[in-house]
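Each chain gets a letter, A, B, C and D, in the order it is written, and its residues are counted from 1.
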Amino acid sequence: MRRIERREELKVEVSSVLSPYVEPLATIKPGETIEVETYDAFGGVIKPGQTYAQAIERGIELQPNPVTGPIYVEGAEPGDTLIVDILDIELPELGAQAVIPGFGALEGWLKRLESETKFHRIEDNRILFERKDGRTITLKADPFIGTIGVAPAFEAITSLAPGPHGGNMDCPDVKPGNRLMLPVFRPGALLSLGDVHALQGDGEICGTAVEVPAVVKLRVNVEKGYSINWPRVESSDEIMTLCSARPLEDAVRLAFLELIDWMHRDYGWDRMDAYMYLSLTARIRVAQVVDPLYTVAAKLSKSLL
Amino acid sequence: MRRIERREELKVEVSSVLSPYVEPLATIKPGETIEVETYDAFGGVIKPGQTYAQAIERGIELQPNPVTGPIYVEGAEPGDTLIVDILDIELPELGAQAVIPGFGALEGWLKRLESETKFHRIEDNRILFERKDGRTITLKADPFIGTIGVAPAFEAITSLAPGPHGGNMDCPDVKPGNRLMLPVFRPGALLSLGDVHALQGDGEICGTAVEVPAVVKLRVNVEKGYSINWPRVESSDEIMTLCSARPLEDAVRLAFLELIDWMHRDYGWDRMDAYMYLSLTARIRVAQVVDPLYTVAAKLSKSLL
Amino acid sequence: MRRIERREELKVEVSSVLSPYVEPLATIKPGETIEVETYDAFGGVIKPGQTYAQAIERGIELQPNPVTGPIYVEGAEPGDTLIVDILDIELPELGAQAVIPGFGALEGWLKRLESETKFHRIEDNRILFERKDGRTITLKADPFIGTIGVAPAFEAITSLAPGPHGGNMDCPDVKPGNRLMLPVFRPGALLSLGDVHALQGDGEICGTAVEVPAVVKLRVNVEKGYSINWPRVESSDEIMTLCSARPLEDAVRLAFLELIDWMHRDYGWDRMDAYMYLSLTARIRVAQVVDPLYTVAAKLSKSLL
Amino acid sequence: MRRIERREELKVEVSSVLSPYVEPLATIKPGETIEVETYDAFGGVIKPGQTYAQAIERGIELQPNPVTGPIYVEGAEPGDTLIVDILDIELPELGAQAVIPGFGALEGWLKRLESETKFHRIEDNRILFERKDGRTITLKADPFIGTIGVAPAFEAITSLAPGPHGGNMDCPDVKPGNRLMLPVFRPGALLSLGDVHALQGDGEICGTAVEVPAVVKLRVNVEKGYSINWPRVESSDEIMTLCSARPLEDAVRLAFLELIDWMHRDYGWDRMDAYMYLSLTARIRVAQVVDPLYTVAAKLSKSLL
């Protein structure tokens, strides 16, 4: 199995963007299984001995959400779909979480909001959350890829943003055991990824989760001649569409339009039937409400298809 | 056990409003268990032999979402909290669902959207969904109270809208086995309810669910001197806050502010700790995105408190 | 000419609501000219010697935005339109303005936002704005009625909110020389008004303007059998529709739908022609972005009709 | 005076993007006056004999909103401000306007919305608007640059979108006689422009205006060491900030934050004074509510500074 290493040096035009203008880091064949080394969302700047506030004080600039890539997938052409099977995520021993001024869903809503950094130890797939009163709570890890996407057709988009190309969706369903599908806009698809979270709740409400560097194991394939508009995920028991917009209700609307389209095209549903049926059976995951666009997954159980 | 019957005649000022200006239908004592007969959201107008389109054609006006009430609860005073334990919901043999022009999350987004009515048989706690191609899908019922609330302090609010007083929240967690808490704004609280859904997905995306008249069994109590800003639900394994706003992200923000406040006041959490912790552990339910304000539940597992 | 005095005592159910459930304060005939005494938006609580912060400290509760009314207009029936010609506004010698925590468009956006109160002297139709550095700026007054509306069909709506019934629209075009049209939902229309501003910019961005009690001279008529959905204003040179919603773009959309409808119904425009024409000629006034719904006026010059 | 010609061939990666990755079309010196040939927003595809519907039928792809550029301005460095004095716009004899499915503020709101194309003759600085009933209305032209901006720091952004870099703001104040200021993110600033409108109303409500190719005369300067966050315009009598976001209220908030900052930094205003003062004196222009982000100008009269 191939291991794709992170770039040594971070440069914003190269590492903080999903872009057709960046030289591929590696080329793989369809069906290949790879291991990808990813950066944490803070680009390694927040670490023991250096909180967010200290980094700012020391004049250290944060590279916004660096990704590893792009990875050129042979044979992928515009109009195809990239199939990414997420096989495994290897976590480190420590994760960081920070409340950053100007960021987070309750910025301006919660009184006296200041920067705050926590480091969470990770042991045996468990996360140790330390409260200010000294009590420690143990949480089960549930790691996933926060940022993963292809190059847009002609835009270069910051790795902080999600969109039809994927990107910073921060959706906990993009995790080991599940299959992610992405539209292909450029030859080679140009896959990039990073921003693994060891654990995250719906909404990623404070703006960050348990942010970790990681090693992600993936198998990448190409479905020729099948095109989609937005990312999709298939788990063992659900199908889901992942759409991003502002305001949040537009992300919901887009995700349901895509889900109805999927049910119609692949499962033979009449569109109005699907619309009324989903009104009885759908599940919505609010992935995040903190990035430049908000991300929602509209889900249907496979047993109900 | 007391049974509270529906009013014979529907009148919009009386039955389609949560209001301090309507004469109580009944008075109960704290701790009393009652059975309440509720209307379906269409006020019985859509029924076998009369689709939504036919009702309109025949010039029959729909009473918007009629409720049974108000029920005066002795001893409830402004600043208290009303505790409503939902014990049981008795379903009829048929439910109706309609896509109504000008209503539904994909109105204007889904092409060729016309009015459409479906009747769903309900047998043995199962719902039979008939597709246009003749295939029938059997779904497990999961009934809940779509509209339940108290009288606002001095406004009279249409029963179509949700708000701090409860109302048309359409949240599937307001169901048998769970406890609903409502702020009290007026002496007697003036509880009203209706709009039972035999089943609903997240978002209630087409604007309606399996709409049924029902008999709802409740036990109502008053928590003196404990006041809340927005409705809350406690289930066997979760606590949750139910907030309503537009755009949808503001409903999310309000619900998390309330949840952080709850964790702080009743469980001793520091607010910043709670904010960061919920970013790792919270669940969000998008109850509905089709009513005058959108409703969201922010949830935390009790095992994680 | 008839003078309608303010109620002596303010009571929230009576004075802070547009409601069909409040006893009329006066009855007038169509065509009658009246003088109405109005409260300022703070109900007189903020005054020399008592800033907002001091009022809170002293435990004085603010009556939210009290109105004078309702005024029963003989002959007005649901489906008619109320015609309100605004003839004159008599200003006092002092106005108050306050930045109130939890209120204002930049709440949570502007750093270190605290309560702040200013008193503005009004002399010769000019407003004296005193800066913290002692410099005084003289502004021309341009008074208008901030809150004016009829009773809703069956709801009672806080006088802080705007809607199809009018209410707290805070639109500077509702001023002497202009004609306001309001839909009639209840017999007698039940007109209420208050919240005069001696001057306000677009958006009423800090949440308040030059808030004054005033005497407003109006002539009220009824247009029988002509019905509208939302308030409209006609000035000497413009027609405009006033709609309120969240998010703000929905207020824009509603206002243009109404304006296209007006052009179609009264001026013979094809709807698509009107839509394309307004894309070249319309003016938008953002009246306020601080109340429970945001208010927008879509305008067309009469010379372009 | 230098004339900068349009590229012969349109290519989306080159002409439909504001990007640091496109080779400069020309290099100019600070203080230089130039004439720039611009494309119309439809890239010349909609023309007499070819409506939008016909172009689609014929399988002709629209280049989205092509721009002329980028123009490298010597000496401009990140952190500087680009000063663009708009001197003149030369109009052609014909403009096109189209309602395009999936586009326009009333998409999904206005019944029976289909594609529709109109060609407007332009004579003597007047626009001839032909109604379906044959009547022609003469409108005074008021031309401006719809799309103008610099290269973002590291993103490449579609020329359909506005942002801190300028772009598709569609703000009628970017017109002859006025000065536009743009932040510089890249060496040379990399200015691009296009999408001249011969006339547009507030909101550009149907999605397009009188779309024309044109020749634009500009003088470009660099203000060294003065940095701004968002585009600004100065006219003979107003200062204004142009911000873009969704929902629309966030564009309003951003524009006022920037305006308060401007008043504070350049005119010595205390921020709270400025906030309260703008609540009395500001004007808001809703430039457009149809592009990927909505654009608002917050304005203050210079006589009131």
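General remarks:
Note that a contact is a pair of C-beta atoms (placed from the backbone, for glycine too) under 8 Å apart; a residue touches a chain by one contact, two chains touch by 3 or more.
The structure presented is a predicted model; accordingly, all values stated were derived computationally and were not measured.
Comparing mean CA positions across the assembly, the chain most remote from chain C is A. Both chain A and chain B derive from one sequence, and where they touch, over half of the residue numbers involved are common to the two copies.
Averaged C-alpha coordinates put the centre of chain A at 34 Å from the centre of chain B. If you average the CA atoms of chain B and of chain D, the two centres end up 46 Å from each other. Contact of a single residue of chain A with at least two other chains is seen at positions 109, 246-247.
Of all residues in chain A, only 97, 99, 104-106, 109-111, 113, 116, 118, 127, 129, 131-133, 137, 139, 199-210, 246-249, 252-253, 256-257, 260, 268-273, 275-286, 289, 294, 298, 304 touch chain B in the complex they form. The part of chain D that touches chain B in the complex is made up of residues 107-109, 247. Chain contact summary for the complex, chain D toward chain A: residues 12-13, 16-17, 19-21, 153-158, 245-247.
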